[in-house]
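Shared between the two complexes below is chain A, which has chain B as its partner in the first and chain C in the second.
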Partner chain A sequence: MSHKIKDATIPHIPTGARISRWIGRNLIRIYAVVAFTYLFIPVAYTFAFSFNDSGKSNLIWKGFTFDNWKNPCGAPEVCSALANSIKIGFLATLFSTILGTMIAFAIGRYSFKGRSTSNLMIFLPMATPEIVLGASLLSLFLVFKINPGFWPTVIAHVVFCISFVVVTVKARIASLDPRLEQAAMDLYANERETFRRVTLPLVAPGIAGAALLAFSLSFDDFIITNFNSGTLTTFPKFVYTSAARGIPAQANVIGSAMFFLALAIVITGQIVGRKRKVSA
Partner chain B sequence: MGKIRTPYLLLLPGFGFLFTFFILPIINLAQTSTQTPVGGGDTGQYEQTLRFSNYVDAFVENKEQFGRSFVYALIATLLALAIAYPLAYAIAFKGGKLKNFMLVLVIAPFFTSFLLRTVAWKQILGEEGFVVPTLRNLGIISDSTTLTSSAFAVVMGMTYNFLPFMTLPLYASIDRIDPRTLEASGDLYANGFTTFRRVTLPLSMPGVVAGTLLTFIPAAGDYVNAAILGSPNTKMIGNVIESRYFKIVDYPTAAALSFTLMAVILILVTVYVRKAGTEELV
Partner chain C sequence: MTKESISAKGDLRLTRLSKSYGDFTAVDDLSLVIPEGSFFALLGPSGCGKTTTLRMIAGLEEPTVGSIHLGTTDITTTKPYQRPINTVFQNYALFPHLTIFENIAFGLRRRGIKDVDAAVSKVLDLVELPHLAARAIVNRPALLLLDEPLGALDLKLRRQMQIELKWIQKEVGLTFVHVTHDQEEAMTMADTIAVMNEGQIEQMGSPADLYDNPKTAFVANFLGQSNLIKGTISGNDGDSHIVDLFGQKISLQKNRSHANDQFIYAGIRPEKFRISRLGTPTSGNILTGGHIEDVSYIGVSTQYQVEMPWGQELMVFEQNDDGVAPFSKGEEVNISWEPIFTFGLRGDEDATAGSEVNPEELDEE
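Presenting the complex of A and B:
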């Protein structure tokens, strides 16, 4: 390991201190492994029980089978719930990313009257418990005689995703080197060209990250959805309602598949990002 | 160029949306909270009054659940901080080439629905799981002790579920610390603990504040963990609001409870942020 060599080449540290340092360093590595194990125990459990030959209730291990993976839509409602979650997640991501990115540019790029109020307006939805967001929106929909369902759920998701998009994109804008834009201007790019050819490509990874975050927040949301979706079933809602009578193993299949899919997307994204950096 | 107008034009659509679907609902919630049932009407029929005693009634009736929500949320937040801080520290300072991969691992459990993971905990800690029989065989817990349907399980579930919300902001601020400041502290004869207390911790305070808020706020309003992992004795205020809305159709009480919850959280957050001295939050 490289750190051992580094330690060995530093002459003035006494042996005792070196050993305790080594333990100290590895202690925190060991700790990280334990913490990650803790994080992944239920994920591993969910994955393992997706192979359970369980019939209706997936509580006790009854034997190994691939059947659930071959037929993930085998249990009633699982796939329609999943389809609803994906549709809602896609629309909520689209709207919240557009609206949130615009706000992030306004707050991150300009100093204007009302900037601190704008920051407060972004912070408030994050400081409001989900149950209050969900319940208050439902009250509003009821006043206007709008039935809870698909679009109310999309709207509700956009409300809580916007703030997270703003925060993520703003952080990216703040980390930009202003000299890059100045250089573009020096090379006779006008404001619009500078934005399109320099600023936007540089902020793009932040926007992509924000969109991914928005989608996962929306896809996994239960509380706000439960208030505003009426009879529409989303995937988390399906899990919640079937928890009492036993969740079919197909739900585990979908949960595990989503996990591996998302992991693949994120890792691919990182590799592509790194290659781009190297070639640039 | 309308330079002065540009930021406002950029803000307009988003803030228009937030005003309509966030501010207006909150105002509406405030109105609903003082409504009175229509005399002789059906359940769920209310008229607008200024019945502020709804708040008193709602609070007195549910003060136990209120207290429980804040106590559970506080314990879960402290536990999550204790677990996440060394983890974030390990990723930031010892991650090396694996840093980005480890960050992905922190977020990765999110992608398996958090409800599936909570149900998984219920089964792992339940009678059919492997934990309870093992602990019983080792004599650590008695035969009648169960781990699920308890305050322990609810707090544990919340700690687990909000751990990434704690870890990510902690990582962000620890990662920004220049390792040379720690070396300088060591050069000035500070031991590891002193360096942590006087250098690392103060420099990571923004992350501590952001992480604790992102954990405490959703935890205080949560009802999923209590519903899946708890018992009637571990009901939180979220469970009460939920059942007032859906089962009892008592909108004014639900609204009064929601409004109180929000107000208490906002007050706590303001005091906390002032005390911690971190102004730049978002």
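Presenting the complex of A and C:
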């Protein structure tokens, strides 16, 4: 009975029209699936080949194994290169975040002579091709008779990380409601307390984001590092040099691990942020 | 960095206060005394300097010229955190990274007060909507500043909060200075209102004073609505002037006239008018020859537009309480009112001052 009514009330739509209507309704979803597939196939490939029982060269699938994950330092030099990258990344992040945050406050909050010039200059390292920046830094170090190595690399990384920190933190400062600091001052907090209790906690997510950005920029930098690190091997340098004779599967393990670590940090940040919003 | 806060109390005195931003003068030579314990309102349209005045009292702006005294202490150049003054900000400016409790406790903790828990729970008992004013009131300041805190609320809640705030002010006995562009809000809450326009005080007084006897066209139009009729003083009768309005004579008490020569605007509030049909006995001031141009029935009253022989439309609000059949459009009528309700304004004023609706303020409503 009900079936009959259904047939009677819904007019027949030709199949072609129905398909085009379905596409119309789901176009954005289809597009999203295509875009994410495009973005994540390389990541999935890297992850999959971290389980390859590869031996020396990790180009062809030879069989599944956990060995690479059980022994990530198995390939020669891979872990010392990783340790160097982490050390350089940590120091570059620390210095560039501190300096960049201070610059962001100066430019974002105060008016002084040369403010707009500084604002422009801070973008220059971002706009300069890395190959030029790397080469000129090397010649600068050599002029001052500083041999390429660990510290020159850290200094070089701070140079290009600062720009990104300033831009990120400045955006956060710009979105800060000035009335919040006025309210703190109104409620008996002097300049120092206002900064510590209100300004800094509110800008902190921006600073944390800037630090993560700086670390990931430093961690995977190859061009500038290649000029300034001398004989020191960082993780990107290791991957590059071993490409000639076959990249070990351990590189895929470390790459995948970094990816999941970054993912975990982002998800944790989201959850914490959402919880705060709910409790506020 | 000096941190000791001033423990001054007493009347707030603003003396010849000015604040300029480049060529623009936001506050212009303003002098004012706000008595201790009063509920004081600074009322005016946006851009009149009321918020700048408030921010100078709070210490968030430094005056270009002039001084601010709290009791006998000069606080003109002291930092905001040194003043025993707290502000309820527009949209409250709550610290988003702190809980409601920590927001309220913020001022107490900065001053190193021991029993924070007790003070916070006490103020929460007092204040119904905690985020509204608790963070400021908990500090028991000598002066509480309110920067249009009710602007974002809907009408019903706003009325409720007005009564609440008024009650709190009586309860805690603090001096409240309230900035608003909403004349009804100012009249509901404040003991004294200063009407501000272009950086200066137009008139100051109790809500009833300002409404019944405005001194300028701006006050007459900004506080409620007024009918302003151009005329000349043609004679005297004891304590009253005889005023000629387009050939018809009415009387105006001399002490309610703020004109400085014979050219005058006679002002009458719309609800003071009575409309009568031709031939009905009337007393007091009478204007004849009107006819009803428009009728709007709005429940508590009926609003009429009455066109007079000289072309001006007068606004009349009639209570719907006397059983008289409402007048209909086109009817010939006379208008009358008690002479004591007439007020006189200078004849060289702009009769529309203060009556234009600022589109920005409509958005805020």
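What we mean here is this: the second predicted complex is superposed on the first by the 255 of 280 C-alpha atoms of A that agree within 3 Å, B and C clash if a C-alpha of one lies under 4 Å from a C-alpha of the other, contacts with A are read in each partner's own complex, and residues count from 1 in each chain.
The rule we apply is simple: a residue touches a chain if its C-beta (ideal position, glycine included) is under 8 Å from a C-beta of that chain, and two chains touch if they have at least 3 such contacts.
Nothing here was measured: the structure is a model prediction, and the numbers come from that model.
Overlaying the two complexes via chain A leaves chain B and chain C side by side, clear of any clash. Once the two complexes are overlaid on the shared chain, A:A32 sits against chain B while remaining clear of chain C. When the two structures are aligned on the shared chain, A:D186 is found in touch with chain C, with no touch to chain B. Residue contacts after overlaying the shared chain place A:D177 against chain C, while chain B stays out of touching range. Look at A:F227: by the touch rule set out above, it reaches chain B but stays clear of chain C. When the two complexes are overlaid, the chain among chain B and chain C that reaches more residues of chain A is B.
In the superposition on chain A, A:A264 makes contact with neither chain B nor chain C. In the overlay built on the shared chain, the residue A:I23 is in contact with neither chain B nor chain C. For the three-chain overlay built from the shared chain A, the minimum Cα spacing from chain B to chain C equals 8 Å. On chain A, the surface patch touched by chain B in one complex and by chain C in the other comprises residues 191. Against chain B, in their complex, chain A makes its touches with residues 24-25, 28-29, 31-32, 35-36, 38-43, 45-46, 49, 59-60, 98-100, 102-103, 105-107, 109-110, 112, 115, 118-119, 121-133, 135-140, 143, 155-156, 158-159, 162-163, 166-167, 170, 191, 216, 219-220, 222-223, 226-227, 235-236, 239-240, 243, 247, 251-252, 255-256, 258-259, 261-263, 266-267, 270.
Residues 1, 3, 5, 58-60, 79-81, 85-87, 89-91, 93, 95-97, 99, 106-107, 110-111, 135-136, 139 of chain C touch chain A in their complex.
Remark: chain B residues 1, 4, 6-8, 10-11, 13-15, 17-18, 21-22, 24-26, 28-29, 32, 83, 86-87, 89-91, 94, 100-102, 104-124, 128, 160, 163-164, 192, 213-214, 217-218, 220-224, 227-228, 238, 241-242, 245, 251, 254-255, 258-259, 261-262, 265-266, 269, 281-282 touch chain A in the complex.
The touching residues of chain A, when paired with chain C in their complex, are 177, 179-180, 182-193, 197-198, 201-202, 276, 279-280.
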